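Heads up: the structure comes next, in structure tokens.
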């Protein structure tokens, strides 16, 4: 990559979930994005939320993130 | 739907318009999204704007919203 | 274009770069969007950033912008 | 009410839902707050969201609002 | 209107009220602005608030909006 | 207090008023909170507003603040 | 004043200064607004800033505020 | 749960702490909320902060979050 | 100008356009404001937007800015 | 000072405290900054917070502010 | 530490990275700050971002945080 | 540079000015930062403001930006 060379990136907004951790939810979202998009480059966390079940346990982390990838 | 199961959602940002109401503009946007996307799940209003004609009448509500749908 | 006619727009978020200026980075992003999308209508600047090289020169402007286009 | 008299208000954050309209969801939330709180005074809308069913119809408006009431 | 022609707009911030609906409060504000300003062009909603009476009924919607008009 | 010991705090949002000063309005709100809550710990100012009477005098400062207290 | 009666307010943004206090700067701004506007109703503080002189003394408080007044 | 059925939720703002992790601080807060509230449904992270001890070690994560629960 | 002397400023919000650059759009807005207002003092950019024509060219920069002027 | 002369300023973020008032906390922070920095020019308040003691008295105002100074 | 004693804090903004976790990136940033600063007191997370490599794996968490320390 | 290697960056906030353009003000700020800091890496624009002289001409662009540099 060379700076100054008119690269273009696009960002998409996705929500990944994980029963384990914030990091797990991020990787889940990136994995899915990787299936349909090439040249993923970085992510930015927008929101961290989660589900609480009837017993008061956090059973799901939901991370809203933007994923940026280079357009060719 | 089961919480904790690594579901992934994507959000797209659209603007719907209606000459009648905020709710009408939302439904218009959702209708159009439904044509090309499956498993629409929820929306989030970002901005409410509108057009005013020469006689001072609000002739169009413009609602910017994010629509989330599940990726399979 | 007639107001009140249920037009629908979609916004995508892209990042354009230019070694010259903020305006250059905007046009670069719009040029690329034009390749794959029709009926581009307006843009909104979200962030202006840039790269600084080892000699302290700004060698790249990076503009994050939203580009709106009409859906038919 | 006299201004300058050390009145105190408290705000609570609630989410009302309605299958009909934004206004309906607001009134639903206020109705419920009224059951347990006295001297409700005003509300402030924080977010407007909603559910979309499988056929692409908006079946529920969800309005997050703050409701202020006077403490005696 | 031709784009690129150095048009200038000004925005004023007003609050309209209505006992009926958000849309009613917007139209009320626009009606009043129309009395003293020409060439009203669009509005942008800033806040939606309202009054609750002693019986727990929403008796007034208050919409803070910006109204833009062209300067000649 | 020992850091690392799973303390829990709750925040409530209140509005205090005073005819004298911002500090007076803060203390008024804290005084009232103290009546029904124990272990008040800190406050955070959210908004400063006020009433203006017919002669153009500021007759009331209204401070919206969050008050945090420890849950036992 | 009766709620539900289509009152309209306008907000203007002004900056008041005072060498003494935040409250002084607010009153200064309101005093000036009162000269050209009737029916001032409330203010909302937007920003608090100030000038520091060469000896490190705060010699001026600058308060950016919105002042709302009723339109007849 | 059926969408469109006038469910009402309330959100409270709490701060959980943990010497271990962000997730730990979230669960601590939810555990405490569960003691006094039924039907906890979801949480939203507002802020992540923490304490640093004299040796430069992060000894406490402090997570400010909103917890939503259904009102019956 | 002397700090500490109770100067008052007012801000107005205008939108300037230019087919050339962000700076051009700012100057256009300031030029127009100068026609009806004295003692313009500074501006603050709020938003940068623009129009894209059918060929994908940015034909208009639209800059929303606040212009401050001293009240005498 | 002459406008247009490539002056450069830097901003630092500090927190001042005072047992008396918001203004006192600001001056405390500016006093300390003055010890190590020259040419202090202005400040901008970011947050106003404070400590509440066991008896419910506000014993400390904490003001987070940015202080700007000219670089030579 | 005694409240009400004119303590002063300064905040610096740093970005820590870690290939493992958000917590790891925070500790990395705090470790580095500890080398040149005394009396570190707390941190506040501003942004969580990260790098994605060619295979779609999150290989680096980047946490932007503010670190506060007491000035003596 | 290798991702995943515990690099640390610091951001400082500076304000550059230029009588010519936004880009000029950015470069002025970066030039000054380069004098006292090594390994400048990127900048982020926070605000664009400017001075207007008595004839209504924009005589100075003021750009508030954050400059990030690597700590060794």
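Read from first to last, the chains carry the letters A, B, C, D, E, F, G, H, I, J, K and L; within each, the first residue is number 1.
Criterion: a residue touches a chain if its C-beta (ideal position, glycine included) is under 8 Å from a C-beta of that chain, and two chains touch if they have at least 3 such contacts.
Please read these numbers as outputs of a predicted model, since none were measured by experiment.
> Moving step by step between touching chains, how few steps can get you from chain D to chain L?
3
> Could you work out how far chain C has to rotate to sit on chain G, using CA atoms and steps of 5 degrees?
120
> Count the residue numbers both chain B and chain D use at their shared interface, divide by all numbers used there, and answer same if that is over half, different if under half.
Under half shared, hence different.
> Calculate how many whole Å lie between the centre of chain A and the centre of chain E, each centre taken as the average of the chain's C-alpha atoms.
Whole-Å distance between the two chain centres: 38.
> So how far apart, in whole Å, are chain G and chain J when each is placed at the average of its C-alpha atoms?
22
> Can you tell me which residues of chain E touch two or more of the remaining chains?
Residue numbers touching two or more other chains: 12-13, 21-22, 51.
> Go through the chains and record each pair that touches.
A-B, A-C, A-H, A-K, B-C, B-D, B-E, C-I, C-L, D-E, D-F, D-H, E-G, E-I, F-G, F-H, F-J, G-I, G-J, H-K, I-L, J-K, J-L, K-L
> Residues of chain E touching chain D in their complex?
Spelled out, the residues of chain E in touch with chain D are 21-22, 47-52, 54-58, 61.
> Quick one: which bits of chain I touch chain G in the complex? Just the residue numbers, please.
Residues of chain I touching chain G: 3-13, 66, 68, 71.
> Which of the residues in chain H come into contact with chain F in the complex?
Chain H residues touching chain F: 12-19, 28-29, 32, 51, 53, 59-60, 64.
> For a test of understanding, state which residues of chain E touch chain B in their complex under the given definition.
Listed in rising order, the residues are 21-23, 26-27, 30-31, 33-34, 39-45, 67.
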